[in-house]
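In what follows, a structure is listed as structure tokens, so that the remarks can point back to it.
By letter and in written order, the chains are A, B, C and D; residue numbering begins at 1 in each of them.
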Amino acid sequence: MDYFNAPGRNHLFVPGPVNIPDQIIRAMNRNNEDYRSPAIPAMTKTLLEDVKKIFKTTTGTPFLIPTTGTGAWESALTNTLSPGDRIVSFLIGQFSLLWIDQQQRLKFNVDVVESEWGHGAKLDVLESKIASDTSHTIKAICIVHNETATGVTNDLAKVRQILDSYQHPALLIVDGVSSICALDFRMDEWGVDVAITGSQKALSLPTGIGIVVAGPRAIEASKHAKSLRVFFDWKDYLKFYQLGTYWPYTPSIHLLYGLRAALNLIFEEGLENVIARHSRLGKATRLAVEAWGLKNCTQKEEWYSDTVTAVLVPAYIDSTEIVRRAWKRYNLSLGLGLNKVAGKVFRIGHLGNLNELQLLGCLAGVEMILKDVGYPVKLGSGVAAASAYLQDTIPMIPSRI
Amino acid sequence: MDYFNAPGRNHLFVPGPVNIPDQIIRAMNRNNEDYRSPAIPAMTKTLLEDVKKIFKTTTGTPFLIPTTGTGAWESALTNTLSPGDRIVSFLIGQFSLLWIDQQQRLKFNVDVVESEWGHGAKLDVLESKIASDTSHTIKAICIVHNETATGVTNDLAKVRQILDSYQHPALLIVDGVSSICALDFRMDEWGVDVAITGSQKALSLPTGIGIVVAGPRAIEASKHAKSLRVFFDWKDYLKFYQLGTYWPYTPSIHLLYGLRAALNLIFEEGLENVIARHSRLGKATRLAVEAWGLKNCTQKEEWYSDTVTAVLVPAYIDSTEIVRRAWKRYNLSLGLGLNKVAGKVFRIGHLGNLNELQLLGCLAGVEMILKDVGYPVKLGSGVAAASAYLQDTIPMIPSRI
Amino acid sequence: MDYFNAPGRNHLFVPGPVNIPDQIIRAMNRNNEDYRSPAIPAMTKTLLEDVKKIFKTTTGTPFLIPTTGTGAWESALTNTLSPGDRIVSFLIGQFSLLWIDQQQRLKFNVDVVESEWGHGAKLDVLESKIASDTSHTIKAICIVHNETATGVTNDLAKVRQILDSYQHPALLIVDGVSSICALDFRMDEWGVDVAITGSQKALSLPTGIGIVVAGPRAIEASKHAKSLRVFFDWKDYLKFYQLGTYWPYTPSIHLLYGLRAALNLIFEEGLENVIARHSRLGKATRLAVEAWGLKNCTQKEEWYSDTVTAVLVPAYIDSTEIVRRAWKRYNLSLGLGLNKVAGKVFRIGHLGNLNELQLLGCLAGVEMILKDVGYPVKLGSGVAAASAYLQDTIPMIPSRI
Amino acid sequence: MDYFNAPGRNHLFVPGPVNIPDQIIRAMNRNNEDYRSPAIPAMTKTLLEDVKKIFKTTTGTPFLIPTTGTGAWESALTNTLSPGDRIVSFLIGQFSLLWIDQQQRLKFNVDVVESEWGHGAKLDVLESKIASDTSHTIKAICIVHNETATGVTNDLAKVRQILDSYQHPALLIVDGVSSICALDFRMDEWGVDVAITGSQKALSLPTGIGIVVAGPRAIEASKHAKSLRVFFDWKDYLKFYQLGTYWPYTPSIHLLYGLRAALNLIFEEGLENVIARHSRLGKATRLAVEAWGLKNCTQKEEWYSDTVTAVLVPAYIDSTEIVRRAWKRYNLSLGLGLNKVAGKVFRIGHLGNLNELQLLGCLAGVEMILKDVGYPVKLGSGVAAASAYLQDTIPMIPSRI
């Protein structure tokens, strides 16, 4: 059934779906169950409580929707907005582009603020729009925390500060797909009204749960939003939450057990330690890129992403060939350049349940491939730069001392 | 993590999610993969071809949507219809009720034809509506092939015959959630325009794929349908089918491998053998019910369902208590009575990858529970009736002879 | 790779290897590990402590040998005895026969006390031998607690009483392969000097660990026993126990994690509850056999086994055909009659992590097969008898109430 | 249950137990089965045929014994030799030492030929012994193909040549535990009479099968060998081979399915490709060691092992600390120095189902650890040396082109 039987493990370094830890694979290795028995609601209750912790919210209401990130986007938008509503949305890469496409197809009035790919959201433009919108025609700000296509992290605290300084009531809707559980994300502190992520990203599960967390203002907005919705309607969930049975339709038993295991793993390591680990692996990757003499697609340090690095290749190289060779010769999965940066960047995903030696193996592979395709890299140079940094910062694992 | 550790296996006899065969559990026991590598599209291609076989269509286009049956319903409706469109829809139990609720919330003009619960769809009413609709205001007929709440199977061939005899162009949209892969379902022969099922039903997978197959007229209709849709839009799939990459957004790698294994199992047993097995297990269950002196919720033999049997209990018994005790004392999961038949019926699901002895174990359990709750059942009577029939009809397993 | 793809689950009712609970399957679903890391010794320490509990000993020393029951026998004998040593050994069925064959090939002087198959060990003969052995030429008594071939349980307390009443120092060496963790076994109270079991029996693991527990007198004997042994030598284990690394050679990482899960399951259910459950399932099986009008191979009630029932068939039926048909038509695995009772008995194993409905499914299957082969059984009769008894005695599962 | 929850995967680089490929983990993820059903013998038949291929023998008889390498040794010796028989045995490291200890405890007359650790077997000494043994008092030559403790591979072709040139009939008994399936091993061509390996080595399974293959002369010898044996006796296997049921006692169902998957993987990759891959990974490791300025414990190139490299550390470093830190800080499992080389070497196992990037990740880890413990290594140097070589020699994976 397998397409290939290359020896050894696949080295999975796309920015999602990411590696699933063995503990989660084990937890999902099971038969179906009746989701109406007392066991599943009891587990769901703990999941809903614990999911809030990774969003750093105490006031939010989580929805674990059997869908993908695309569906989670749709749920966030249709529950809070009405057709024709004006929203400000930032186009900074392929995933923000797709989200904007969705926003437009859902008939919102999208005020697109575009940046060059590799740049962050233009928050100065946001500020001027907010400043001038004294009649509050802007109903929502839609922004990706981390643009997976270019490896750009936006400054959400700054967005909140802008809204607050003008006391603007627009909802703040955040795509945290490639950030939450990996980057520092603070739903309550930053006044995020809706935040979403997907199970196959930093949570390290298979695809299949779109996690949407709605703050109190979003829940209030959902009572009046006129966008049509049924499958994605929060109302049905809220009704079953009241009943204590939790599910308006059939959830994946496997993903629930998997999510339980995923949350356990995160809490055991400590959420702050998880975030610090991503920070270290992200910086190590950037040091390797620098050592290779290559440029980061991300144009300023303030936007550097700790979950994905998009690496620019010289014009004489086709980055698609790098990704192709990685898979064919080295059993290494890298991310393609998408759309405007197709052929120009390849991407190293470094999110999820990874450790240092996994990353270094990947970097060693990238060096060989770069040389394969004619780039004059010094083998070992990226590994040396990354490991010098990692060695200084790697913590002892307490349970093993 | 487990809520309970009752000894032995859980006996899963709800009408979905159903038991997952070991071969499928094994196939899904794996890490994530890059869905943009050549391997996943290559596998997807075979899945799309093979899924058509279980719908018995050569002209349909399948969509494997990361959603549940509820989402598959929405996909079927929003891609083919526009708000305000008149549809005829049959209310015969809880699942057709929920579908109608969805249809109404999606702003269709729903012409509801209600039956008493336990009865099939009123096809005579359909005929009169079709006969009188000479201006073709009816855009679609929505019907469940098998109503999971009452164990009623509708006669789809008859529906097609009615439409044909009046040369009525209404689309025929069928919920085959608890029928396809278990009951005889003939998409092309019956002129079904859209048919849907869910992975957690007769395919014996976890929840997570809503399978929608669209016939040529439905694909044509989708070009003009004005219902807003993004996540559920077939257009995005069709675009990626053209590209040969197949996925507009991230699929579950696990469910793809699982579906491959599920289809392999079905083809190895033979689809007709699978259907015959369901027919035998269904009849055996009904013989047991009869032996117990209980009534089938389904009021006429022509509607008997081979995937689920809803059993009426005497008025002095609360069927909810039967389901509760089944789980608590016997590690047996039965289906509750829902809505109008809550407390009045319990349901035995007999669909998916089941065999005779599993069913007989379940029936033996039901007998004990019936006695527990005060019903004067003769222990062994249902098992005797069921096994007498099964013994006469059970085939030798060819690969074992 | 699978030989067969019969639909549904295999019903495994041989008296070993037995069904593995899902929790154990999950625990073993993993990669290898370095058994010299700190993690494996730490886990091993808990296993050795906890294994003693299921043998009901505080003074015994357990050895978890990478072998089968046959190897565990050899370890018990060669560590405690010298070639030429006189031992009294009871031949009551195929497994005691095989053990005696081993004893003879290891050059012990075996004093065989034979019973008819279906009878227990002749303890009166033992008493007379012990009584007359005033010079203590008998070095050991070898006895199976439960003879798996005939379903006969011997009275070990009585054996101890005989030895004690004559103050005879012979070692008491017990094969508890199909008893320990299922029947009441009391190593310390009964003064058992060496007891063994295998992982694939009541512990519900795969084959691969021969568990040998040696009491203080056995450990003492091992210092002087002259039988050659290396792989099976306790000395090497004891040396590594002292070092705290535990393993003289490579253990199966999988079976260690599996054993940890198995012991956890037993302690969660409660060892006494596990034993009571076996008692109930054993009695239910015998009631079914009686209802069918068939005889138990075990000739007296005092010897009835709660882990396996050997059922005698009429002379005009070949029991081998019953087992063959069970597998071919019903996906049911029953035990063959062995050696002297080949063709005359078939065996139902009812040990390990089983529950009531699993057993009743098996019994329903046996009824159909009996009818298939021409025995005039009344279908449902055995199920009725068994379930009447089970219903009265089944406990509520506390964690589910 | 897990001792640790360090993030990411464990990097397993001990020379056994080795990494288990996912395909094998999946194949073993199952319930027990009746090993007396027709399915298991049918599978066993294919296993016995296919195991011969990896030993490169057509005339050998394989035994798949539920034991470890230590038990396989004992089986090889006790079936072919009698107490007092003179054997020539080479002591070149910890594992040959342990085997010699076993030989002595089994009462053979062991003529030990000792080398310094790090050197190969003294074949010149063998030649002189053989030359002078005109009366053929030497009954067997016992030699490890690959000494796992020091990373030394002996020249078996040369051993055969010595025996042949003197027409000496001594049996040639080879420990291939860390060679077979990884190094070039030619049972028939080299006239090996008994060869053994263990499932947890290059076959990449869990521990639990000791594979012993006996050539025709060994089978003949087994008819006359007087060493006591029961569990390890080939006679019992041969009897059941005749019967077509294959198993004198219960095998591990899981390891049989695992072995089937393991052999399939090896044949899919191609045995010669597997061997070539080990050769490339072995050389890459040695190039890294050289780049670090460290010495290989193996003293001459002719003895270099392609499955394990023992690395000598400077006197001021304790190699045990390297192994300890690898596990604690980097989730990396390395092999300890044993006995005479304890504290002086650490070992990198590079056998089994591994690929280039896994090895490079390990090497990058070793570099950091070396620096941690005060050795002035240049980070990246070993990775550079290894990857330069690997890049030139890595094949395209045909199924992926």
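We adopt the following convention: a contact is a pair of C-beta atoms (placed from the backbone, for glycine too) under 8 Å apart; a residue touches a chain by one contact, two chains touch by 3 or more.
For each chain, UniProt lists the protein as follows: A, B, C, D = alanine--glyoxylate transaminase.
Owing to the predicted nature of the structure, the values given are computational and were not obtained by experimental measurement.
Peer 1: Give the pair among A-C, C-D or A-B whose set of contact pairs overlaps with that of B-D by over half, matching residues by number.
Peer 2: Residue-number overlap above half with B-D among A-C, C-D or A-B: A-C.
Peer 1: What chain is the most remote from chain D, judged by the mean position of CA atoms in each chain?
Peer 2: The chain farthest from chain D, judged by C-alpha centres, is B.
Peer 1: Measuring centre to centre with CA averages, how many angstrom lie between chain C and chain D?
Peer 2: 34
Peer 1: Calculate how many whole Å lie between the centre of chain A and the centre of chain C, each centre taken as the average of the chain's C-alpha atoms.
Peer 2: One centre to the other, that is 53 Å.
Peer 1: Taking the mean of the C-alpha atoms as each chain's centre, how many Å separate chain B from chain C?
Peer 2: That pair's centroid distance is 45 Å.
Peer 1: Two or more other chains in contact with one residue: find those residues in chain B.
Peer 2: Answer for chain B, listing residues that touch two or more other chains: 2-4, 19, 22, 25, 27, 29-31, 38, 327, 400.
Peer 1: Would you tell me which residues of chain C are touching chain D in their complex?
Peer 2: Per the stated touch rule, the residues are 1-4, 10, 12, 14, 16-20, 25, 27-40, 42-43, 66-71, 74, 83, 102, 105-107, 198, 200, 206-208, 227-228, 230-233, 248-255, 257, 260-261, 264, 327, 333, 336.
Peer 1: Touching residues of chain C toward chain A in the complex: what are they?
Peer 2: Touching chain A from chain C are residues 22, 25-27, 29-31, 38, 400.
Peer 1: Inside the complex, what are the residues of chain A that reach chain D?
Peer 2: Checking each residue of chain A against chain D gives 2-9, 11, 19, 21-23, 29, 265, 268-269, 274, 277, 327-332, 353-358, 360-362, 364-365, 367-368, 371-372, 378-385, 387-388, 390-391, 394-397, 399-401.
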